[in-house]
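One structure, pasted below without further comment.
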Amino acid sequence: MEYDLSNADICNAYTRVRSETEQLINGLSSEDCQIQSMPDASPTKWHLAHTTWFFETFILLKYQPHYTVVDEHYAVLFNSYYNAIGAQYSRPKRGLLSRPTLDQVMEYRKEIDTRMTAFIQQLRDSNILKLILLGLNHEQQHQELILTDIKHALSQNPMHPQRLKHYEFQDRQSSSLNWHSYQGGLVTMGASTKAFSFDNERPQHQVFVAPFKLANRTVTNGEFLSFINDGGYQNSLHWLSDGWEFVQSEAINSPLYWHQQGNQWFRYTMSGLQPLNLNEPLCHISFYEASAFASWSGKRLPTEFEWELAATQSVTQAPQFDPMTLEPSVVEEDNLQSLLGGVWEWTNSSYLAYPGFKPFEGDAGEYNGKFMSGQFVLRGGSCFTPTGHIRNSYRNFFYPQQRWQMSGIRLAADLT
Amino acid sequence: MEYDLSNADICNAYTRVRSETEQLINGLSSEDCQIQSMPDASPTKWHLAHTTWFFETFILLKYQPHYTVVDEHYAVLFNSYYNAIGAQYSRPKRGLLSRPTLDQVMEYRKEIDTRMTAFIQQLRDSNILKLILLGLNHEQQHQELILTDIKHALSQNPMHPQRLKHYEFQDRQSSSLNWHSYQGGLVTMGASTKAFSFDNERPQHQVFVAPFKLANRTVTNGEFLSFINDGGYQNSLHWLSDGWEFVQSEAINSPLYWHQQGNQWFRYTMSGLQPLNLNEPLCHISFYEASAFASWSGKRLPTEFEWELAATQSVTQAPQFDPMTLEPSVVEEDNLQSLLGGVWEWTNSSYLAYPGFKPFEGDAGEYNGKFMSGQFVLRGGSCFTPTGHIRNSYRNFFYPQQRWQMSGIRLAADLT
Amino acid sequence: MEYDLSNADICNAYTRVRSETEQLINGLSSEDCQIQSMPDASPTKWHLAHTTWFFETFILLKYQPHYTVVDEHYAVLFNSYYNAIGAQYSRPKRGLLSRPTLDQVMEYRKEIDTRMTAFIQQLRDSNILKLILLGLNHEQQHQELILTDIKHALSQNPMHPQRLKHYEFQDRQSSSLNWHSYQGGLVTMGASTKAFSFDNERPQHQVFVAPFKLANRTVTNGEFLSFINDGGYQNSLHWLSDGWEFVQSEAINSPLYWHQQGNQWFRYTMSGLQPLNLNEPLCHISFYEASAFASWSGKRLPTEFEWELAATQSVTQAPQFDPMTLEPSVVEEDNLQSLLGGVWEWTNSSYLAYPGFKPFEGDAGEYNGKFMSGQFVLRGGSCFTPTGHIRNSYRNFFYPQQRWQMSGIRLAADLT
Amino acid sequence: MEYDLSNADICNAYTRVRSETEQLINGLSSEDCQIQSMPDASPTKWHLAHTTWFFETFILLKYQPHYTVVDEHYAVLFNSYYNAIGAQYSRPKRGLLSRPTLDQVMEYRKEIDTRMTAFIQQLRDSNILKLILLGLNHEQQHQELILTDIKHALSQNPMHPQRLKHYEFQDRQSSSLNWHSYQGGLVTMGASTKAFSFDNERPQHQVFVAPFKLANRTVTNGEFLSFINDGGYQNSLHWLSDGWEFVQSEAINSPLYWHQQGNQWFRYTMSGLQPLNLNEPLCHISFYEASAFASWSGKRLPTEFEWELAATQSVTQAPQFDPMTLEPSVVEEDNLQSLLGGVWEWTNSSYLAYPGFKPFEGDAGEYNGKFMSGQFVLRGGSCFTPTGHIRNSYRNFFYPQQRWQMSGIRLAADLT
């Protein structure tokens, strides 16, 4: 990697990112921060501790001479999946760790922050600085997970608790759906080494892309409701075989968090149960639902390369993260502005290694590479993604049945 | 039921029992009170709320004119299993209810206590007084469950958290095992109607009991260790078929909470991990393990009627509940004193209706009767059982694989 | 055991019983004999081989000097559950054993029959004769299982195959339901040692039985249909808690083999799908359904001792087994004649050891005793039970959710 | 599609392929043809019927005026997964269909063959001829499945039954492993329309392939044994996360059908249990094991495009299918000859649509397209693949955990 970092830059970034994480627990009780609603999700408290453990384990313990850990139990409790580091506490049981308490975890954060800022200031090794930058990007990923996970956890409560007090109905008309055309050809995909990126975005490489067109915005709640009302969930011919099995066995007939009461549709939001806004971008659907909707529409999902090509050729800019909103904005523009920072967009690309892929060196090698089977790529970031954490080459990845992320649909089609 | 109750008696009992419940959460964080480690167990917070809901639902809502509930959501959230009352929140998900918070639940308790004490004082209907007494006995049952459930929950944490700061190793020799003989015959079993009892202890009825003998004390940790060391868990011939399937499929080879480190055995207690005391009464075993141990010993488990006959003929008295100890006492006496208040003793009797059994009237009819399949009777109470809640006719019942209760073994044999 | 057996008697019985088994496969293809529709059931071919293995293993291999087994693989393949004998092929996979073929199994039977008849003729040890008698009773139990298991297996086929070509609709009116009263008292229960019985029927012992009354016949299809039409499957208050969970999770709303087409009810029988005969005795229900029906009726199930007392005091005689009928007869009498040989009657007694119970000696000790948890006793035999295999003290036992046996309901009530 | 077919060609092909299918059941009993060892596999009898149903349903019923089906039950029984056609009998229960018997299924085949050959002879519509060709290719796919499925079924039997009497140990040395280099570039991939191909091989399209090298032969049993002996199954760092979970939870530590007895390795084959031949091509491994082995080797799996490019540039020719061998040949050549007809080779490409993919028209549209999630592509055909059914563009696909196909590993690496 070719870019340079100063100690001061990193120190400032460290302080900012760590503080932004802690702002996310405003309005949550210690009980809210404790609960884990499913194996895929983690308690807020665990995220707070794990991101801290990441710095302690990958930086301080490794590069600070004679380092003594804050609590030796944390090596097991807060290791997510790094087998090279050691054993891990059972993932589905993270919600059972009432100790350390939230207060103790916040003290742990404070202690590591003190140690880290001191460590950064005297640091001379740019490789370690880059590793700290990885830790900050890692923490930003967990910021988004804190939000998606607590949303899922609170949604389990029939009281429909509000994390945010206020909900503003976006009383605006969505732009009509139209299409942008691309001629494709042999294009360069992936992240350059001139700025931070994850290993899975690299190396840059050539891909041949056939001509295609892409929708100006993602699918709205209203459009998806038409699919539902047309019997979309009951017609096997729109569905991938695995997807049909999924919706049948799980008795799924609407996006996650949608509730029908009489003839009225509601949606659980961070501000409690709210009437469904037909103009808002659809989110919280699985890849299977995205694929079925695309088939019903006579269109298809884009590949991740089609998406990246369109993003590269546009002037889209990601919106600022706003912790007080947490709903994707109604798209009123016709200019692909919504490619970034609205909802994560399922692509029809499996999450696989780029040609020449090299995992991060050392223990961080487990960061991304070992997940390269069974998942699909999502692109574009969402309104839950922190400011500065969205870029054109970013590859998010989830299993096709997962729905608790801010995942939506942008349609594509062959250009013929 | 023939016994009389005064308003003052009930009011005092109400205040005492409710207060005793709240003393049990000393030393627990709000996170500790939130967690649920398995579907069989409930969070401490849920127990605190459910027992309160019981009074609100079965007394105030039913008998207080124009009563308005504190929160209408609680009807679903804190109903355990009363289908006649209405729908229930999913039992395995009780640990996900971060709202209401512990503070809010304590306020709920306070509010209902105010309403209940006012209600009791003006009460003239002795049937309602008796129903309140049922509510207090119900709360005492949950006091024991609060202890067994939090013990299980904390045991999931590799930090082996301490609920009690102090642990006193009982440095005393257990009495030797010897036998008390009974001629049996046609005997009267069950609870009279002269004092409170649960419906499942009634009516009194005749049972023919063959001659038998009963051990003076329950099996010790040391004796069970001999079973383990003799390969007891690996020899199918000692086991019931279902029990063998159970220990094989769950890979069980010691009582719950036992840990072997090298050659040394430890046991998780309310005071953290402690060396195994060979003289202490064994507890936390399933019926299957009790049955296998008895077979290995060349003996058998008593029936619930043998047990009750022995208890009736002895002068045993239950010890006072001590929230600071929470371990069964080493038995030094030879006089069956340990029949009450040591460990719950698995009997070889299925939990079934007594001849002429009548469930409680009204909605409380679901209290006991609907569980009369698949479970075995345990007798005697444990060191977790509240003072005043132990009696000779008391029938506790659990599934044969359950181990998180304070369950142990007293051997019996035919007298021939 | 006090009874005497002659070699000739046993030899005749051996030849008769073995031949009766083989008559049961008339009309079945080799494919029919291969299939296993659930872990509870076994393929016909496996029953044919297992009963043969039983004689080879418990008699010839044990008591014939220098005995060489027919095929050493059979020790594993056809051992059902005798851990003392050795390992067993996985029970749920018995349907995968295409080899040995049916022809080979019939040859195995023939070979063992030759060896056994020769062995019996020279036998001088009455204990071995009694063990052979156990083997014959064992084979008779499997005769009934061959029928229940193939019925279940064929029922899985949408073609509703016919095992019997002919079906005779019993165009007769069932007797009205009325009651026989018993004063009970201290009575002797269990089998004497003067004739063959299983270990679980012994020893005879005293039981105190309270006054009760018993229905003259078992519940009819028509009566159970009234329960269904009254919403019995939807009303939790009739159900044991485990039973409610069972019917909810399995979506059960009628007895096994019942099919509703429009407004018409049908029942799968050995002669294919047939209109439901409202006058026939109900069968193929679980204990849970029996219990719920009894509760809905304002009655209860009898205990096994009430049942045995009534049987002992009646002059009922079991009907002859008729392989060409295989439906329980419509009961036209008012005299408890139907206690034997109609349908197995669920009792409210758990399957537990009688006081002083001693398992069979030797390897046959695993025959009955190790199943004494979790199951309920059924009494009376069914129209599938071989002639000579029904008696008053006979205790059949199944898990409360099992429905593929010929199980029905006889109501009882307290006499007050 | 541009190619021409004559009625005579199709009629000859029909007769040949149908007959080849029936030769595969030589040596199998009717019981062998009945059994189903797992949901992924089907009974031989079902394959025989389903392929017949395919012609009856997609050709005769659709295009023969006034056609009457042989048996109306078959529409449900033998429909595999065509929702557009109608409901399907439960896939995991196919082994329970004892009726129709094998004899009846063979009669069904004969009847349809008579009808089909008559139908073909008078046919004028080349689109229908092409559909018949699809049916023949479909039947060839099931020929391979008949072999893989019966191998799996018979492997469940501890008697290690032999389908083939004779086993010839290939006493030859495998060629050493060496590498062929490719410069890649923009290449055309996929099947032309000049001959039959499946829809998923089309359309031809441009792909950019980076320089790479490919092994001359697939991995041998001996090489994989080195991986095992080096602790490959115990070292998480070689494994994809899902793969590690798979081998841990399933306790997998060798390829399917491998058995270790003492220090000796054996392998279940169509000729029973045989000593492991270290020179033979490895097969019966999952994608996960292939990926882990490649990682342990410091190499990687090829993409499907790298594989196809190499195949296109080579002169490899598929060997003739030999029903008497059924083991992959030891590779002695250095010339990539083994690309075809040895073992199916896992690629690192997910099974997804080619750009511009169009499913078959009509009901056959469900043939391939709906499986485009969660599976990986395998290339090359195996020694189980029928003669004439192997081609460079052929895309086989299975889930990454599946092991019962003839699946092996060819290593690749970047060329740098």
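A, B, C and D label the chains in the order they appear, each numbered from 1.
Please note the rule applied: a contact is a pair of C-beta atoms (placed from the backbone, for glycine too) under 8 Å apart; a residue touches a chain by one contact, two chains touch by 3 or more.
Since the structure is predicted, the reported quantities are computational estimates derived from the model, not experimental observations.
Ranked by distance of CA centroids from subunit B, the top chain is D.
Both copies, subunit B and subunit C, contribute mostly matching positions to the interface they share, with over half of the numbers common to the two.
Mean C-alpha positions place subunit A and subunit C at a centre distance of 58 Å. If you average the CA atoms of subunit A and of subunit D, the two centres end up 37 Å from each other. With each centre defined as the average position of its C-alpha atoms, the distance from subunit A to subunit B rounds to 46 Å.
Multi-chain contact residues of subunit C (touching two or more other chains) are absent.
In summary, the structure contains touching chain pairs A-B, A-D, B-C, C-D.
Residue ranges on subunit C touching subunit B, taken from their complex, read 81, 83-84, 186, 205-208, 210, 236-237, 239-244, 287-288, 291, 300, 348-350, 352-353, 355-356, 365-366, 370-374, 376, 400, 414, 416.
Residues 29-32, 34-35, 37, 45, 73, 76-77, 89, 93, 95-102, 153-154, 156-159, 161 of subunit D are the ones touching subunit C in the complex.
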